[in-house]
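Got a structure for you, written out below as structure tokens; questions coming shortly.
Chain IDs A, B, C and D follow the sequence of writing; residue 1 opens each chain.
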Amino acid sequence: MKDFALMMIGAALVNNVILARFLGLCSFMGVTTRIDTAAGMGLATTFVITVSSMADWAVQHYLLDAYGLGYLRTVTFILVIASAVQFTELTIRKVSPSLFQMLGIYLPLITTNCAVLGVALLLVEGHMSFIGSTLFAFASSLGYSLVMVIFAGLRERLALAQVPRLFAGPPIAFIVASLLAMAFMGFSGISTG
Amino acid sequence: MSLHSIPAPVSAPHTTTANTVSRVMATVMLALAPATLFGFWLYGWPAIYLWVITVASAMLGEAFCLRLMQRPATPILMDGSAALTGWLLALSLPPWAPWWIGVLGGLFATVLSKQVFGGLGQNLFNPAMVARVALLISFPVQMTSWVGPLPLDAVTAPGPLAGLLITFKGMPPGLDAMTSASLLGFAKTEMSRGIDLLQSLTQAPALSWIGSRPGSLGETAGWLIAAGGVAMMALRVITWHIPVAMLLGIAVPAAILHAIDPAHYMSATTHVFSGGVLLGAFFIATDYVTSPNTPRGQLIFGAGCGLLTWVIRTWAGYPEGVAFAVLLMNSLTPIIDSYVKPRIYGRDRKGTALEPVK
Amino acid sequence: MGLIERFFKEPRWGVHPDDHKRPAADAPLRMLPPPARLYMPLHQHVGGAARPIVLVGQKVLKGELLADAQGNISAPIHAPVSGTISAIGEVTAPHPSGLGFAAITIDNDFAGRWIETDPVSDPFALAPEEIARRTGKAGVVGLGGATFPAAIKFALGKRLQVGTLIVNGGECEPYLSSDDRIMRDHADQVIDGARIVMHAIGAREALVGIEDNKPEAIAAMRIAAAPFPEVKIRPVPARYPMGSDKQLIQTLTGKEVPADARAAEVGVLVHNVSTCAAVHKAIRLGQPLVERIVTLNGGAVKTPGNLFVPLGTLVDELLDFVGRVATPARLILGGPMMGTPLLHGRIPLVKGASGILAFDAQEALIPAAGPCIRCGSCTRACPMGLLPIEMAAHIRAGDLDGAVGFHLSDCISCGCCAYVCPSHIPLVQYFSHAKGELMTKERAKLRSEATRRLAEARVERVERETREKAAAAARRKAERDAAKAKTAAAALATTPVTQVEGEIA
Amino acid sequence: MLIAVGSLAVMGLALGGVLGVAARYLAVEENPIEAELQAMLPGSQCGQCGFVGCAQAAVALAKHEAPVTLCPPGGKALAVALAAKLGIKADLSGVADTGPQLATVAEEICTGCCRCLKVCPTDAIIGAAKQIHNVIREACTGCGACVERCPTEAMTMVPVPITLQHWVWPKPVVAVA
């Protein structure tokens, strides 16, 4: 029990997908101009990561490992992820057209969001149980969502700040991201200790 | 009558408070002064040099940026915010740290965490804490080498010249023995060696109200820092919300877990009086720019700072967590501000109009 | 009030600026000798401008109707002196823009002859509607500065069955003391006016809220109100903006006026003390509103104090009378917190003018605005619980809708936020700018809707015309055909009938 | 090899089937954006955009076939609003925002030819043959159609005069960062 808790904290905060592993940066910079959008993206990605990692675990165990098809891992994983993304896209379009419009191109692009594939591949390397891998994936995506929302809040304030022209836009956003990553370093050591 | 010379309309109000930004900064500096002077006496000349270097570099960094942006530097420097940033940073450094720590920190604070955002009021993170964390991550050895107090009037204390040597050429071998860990660092190291607190704290550096123990300038004289903070509250520069919430945020969980397992968790008093908690609660977390605006938001912010400090100290790798906790809560400030708002007259908390009641 | 009591009872909103009310408030009321020429603007109130009914060259008596109310919300304008109408034209409006507006110019004949008035000895015998009618005809508007026609408020109060009349003697603006003066010198008029208003709206009680920095006014009013238990004098803490309706209602009754609602909906109605005195004069003496008390104050004024002046007097003439120490660095109509800056002194006094402030250079100095340090002073000071800091940031970035999201519409422009700002950011100007822009947008929207209707009407007209033309053409063609057929028929008539029948079949 | 091909095929079929079912149950009817766009346009059918009327312009906008800056009477404000609605970034450099304008008749030049009457989309010009025409301010949308039509250049566009009711406090000037 304690192991699971530590692993989840580690996945969400210490080895944060965005700030420590530098995965999913395209959506991190792309859809964090507003808190609502970032939260929606976080939710969508959480769903995709959790569902696809469950499916991927099954594929890995019952298909790839069972028949020695390790070389098909990337292809099959992407297939699973793409389907999950399609499903999410359909759902969001139905449930919240405004969020669908705000996420725009970034929604289908979850497919190529390296955070999703990255987490799936990390799981394979970690050789975890089904529950463990599902929890790990869920915690990772929660960490992703948390950082997305925090960053969106910071950028909303940045939009109102009088940033010098030289730094306005992406440059200052990257500086903020680096400072945020620095702050998250405070958590390092939790999962090991 | 030459009233036609009056320029374009000036909007009401036509009168204003005597309060100014420089006055606020000056008040904060005054509140910091007693603790700083006490620290100078405690750690001698190297501490004084480091303080001067840090404050000067912070101001230099600001002036440099302002020149680059072709804005007048002198009036903006005169508001005192850059000096205050450098001052707060200096108070959080090991007093005998080498000169380049102060220079790098000061420059980092005003250039990378303040001026690139557009200067005073635009930054998202507390500049002093950004600089401290950046230094801690980059130079862990220098940033964790503390010396025991060596008051100015002590025989072994370095004089003005020897102090210069320590700051600029590093610690002479003879004085190397002086370095020791701070209380928090010591406890953490011992814990990792499998020695629990019940044993390690008996030989730990003495915890004392007077502040006679290894630590930063702002760590030792806890009671002077607290007095400065209370004075700021009395002068209405800050409100009680953040300091009280932060102290409770760290004291409550510490007290509970200490009561359960004193061998692994330090007591609430140890937590509150060690490290930068008091300095953080009164002077750093209360930074206007990077903390929430509403009283309720400030309570959440302060409690978060306290709790995160305690979590990092207790479970994470670093012995001290105030700087990290403040930065983490700084990052949450915009979100707190957008969800915790005051109730508007004639509306409920959600913003819908009240029902008329006869 | 004791210290502890003060701590708990003192409102948490607002500010406490230096009030600068004395010595002006203590100086006895002076009469201004009526000037030779006066300018009566047609638009001195909320609502539509009055419609002039006099001609140039016409002789008028003091109190004679110059312009009649026009539209649902409006108020008539009367002659402040007797004399001759010399022009109907434009004068500079008491407005920050310095733009002009229409006014009637009267040359004083110094006879000071009143028109025949219609005094009422027992107003309580009159029907409430009659009181409202007479008040409306006398041109009484809210004299606290809002200048809303009083009679319309009476009707509203009557309709919504308001139980409590609140008489606003707050006068929280620094420097001003015209209400203070009227309460000290004419407490009986104020109380009588308040009782008449109570009768007009059917209220059971009247609460007179007076800030506790005016002990003389409180004492005078207590004496005047002693015979009438239904009129209660209630000292309130001196704190700006206590004189704002919403804050005074909350302090006196504990009720909160819902957003977007009127005070009458929670059973209270607020009238200013000077308005009550004006109602007293309008009913008891039958005199329309043509004079008022004005505070002349500020560092540039030699003898600060209160003056009793005819409306329409130029500000310069008031300043000439009280004398100038120096050239005023800033002229303000109203108080320093919410007053209107005047570009020059050739601006006529209007009904809502409670004071003219002439600031010397030192008083007028406001340091240049600096960057916002997010200190939160404005948030704490805002009596409406708004977030001035966020609203201003959004407006500065051009995001007006963002500011609306922070309920910009609830802002009462009291100026507390800008007053306490250590960076001296002109917050109120940001809000005024945004409110103006939003109003312009709203107007543009209405206009485009009107345009659409007009365009549709035109399309319809063109279609109808084409249709009619076509119909006319068709008719003509039909007529022609018929005529042709007739001639053909006539021609056919000569041929045997059977053949025609056969053709038809 | 066969296993690989087969398993991929089976997976593809299965996932495709799931998505197909989902698409059926989660189908959304697209809201026609043309109606919303048309509501935003001035509706005076003045034709300055090159389309017959506002409805046609809205259709072209919805298909991204026309720039959001197409409507001169709408000015910059409309271009910004349209761009926001369509979710695109507008290039506003070409839009000269002259602010609201009104047509006025120079009475000494007007010959009373009645040509402007016929092109006014809102019937805002009154007049008859050989009579000096006049513009009804409240009805004029400032589209400028009449200016081009006037043979004697008696029609000119002037900015709407600022009155007390229309005056807006200027935005405070901020020191440039």
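By our rule, a residue touches a chain if its C-beta (ideal position, glycine included) is under 8 Å from a C-beta of that chain, and two chains touch if they have at least 3 such contacts.
These numbers were taken from a predicted model, which means no experiment stands behind them.
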| item | value |
| --- | --- |
| Mutual neighbours - chains that touch subunit A and subunit C alike | B, D |
| Higher-contact pair (C-beta pairs counted), A-D versus A-B | A-B |
| Subunit A and subunit D, separation of their C-alpha mean positions in angstrom | 41 |
| Centre-to-centre distance between subunit B and subunit A (centres being mean Cα positions), rounded to whole Å | 33 |
| CA centroid of subunit B to CA centroid of subunit C, Å | 51 |
| Between subunit D and subunit B, distance of the C-alpha-averaged centres to the nearest whole Å | 54 |
| Contacts with 2+ other chains: residues of subunit D | 169-170, 172, 174, 177 |
| Touching two or more other chains - residues of subunit A | 162-164 |
| Where subunit B touches two or more other chains, by residue | 9, 11, 69, 118-119, 122 |
| Residue ranges of subunit A in contact with subunit D within the complex | 59, 63, 67, 69, 72, 75-76, 79-80, 83, 86-87, 90-91, 93-94, 97, 101, 104, 162-164 |
| For the subunit C and subunit D complex, residues of the former touching the latter | 43, 93, 95-97, 99, 101, 369, 395-396, 425-426, 429-430, 432-433, 436-437, 439-441, 444, 447-448, 450-452, 454-459, 461 |
| Subunit B contact footprint on subunit C (complex, rising order) | 15, 17, 96-98, 163, 174, 246, 250, 255-261, 265-267, 316, 327-328, 330-332, 336-341, 343-345, 357, 359, 363-364, 366-367, 370-377, 379, 382-387, 389-390, 407, 410, 413, 415, 418-424, 426, 428-429, 432 |
| Complex contacts: residues of subunit D adjacent to subunit A | 3-4, 7-8, 11-12, 15-16, 18-19, 22-23, 26-28, 31, 87, 174, 177 |
| Subunit A contact footprint on subunit C (complex, rising order) | 371, 393-394, 396-397, 399 |
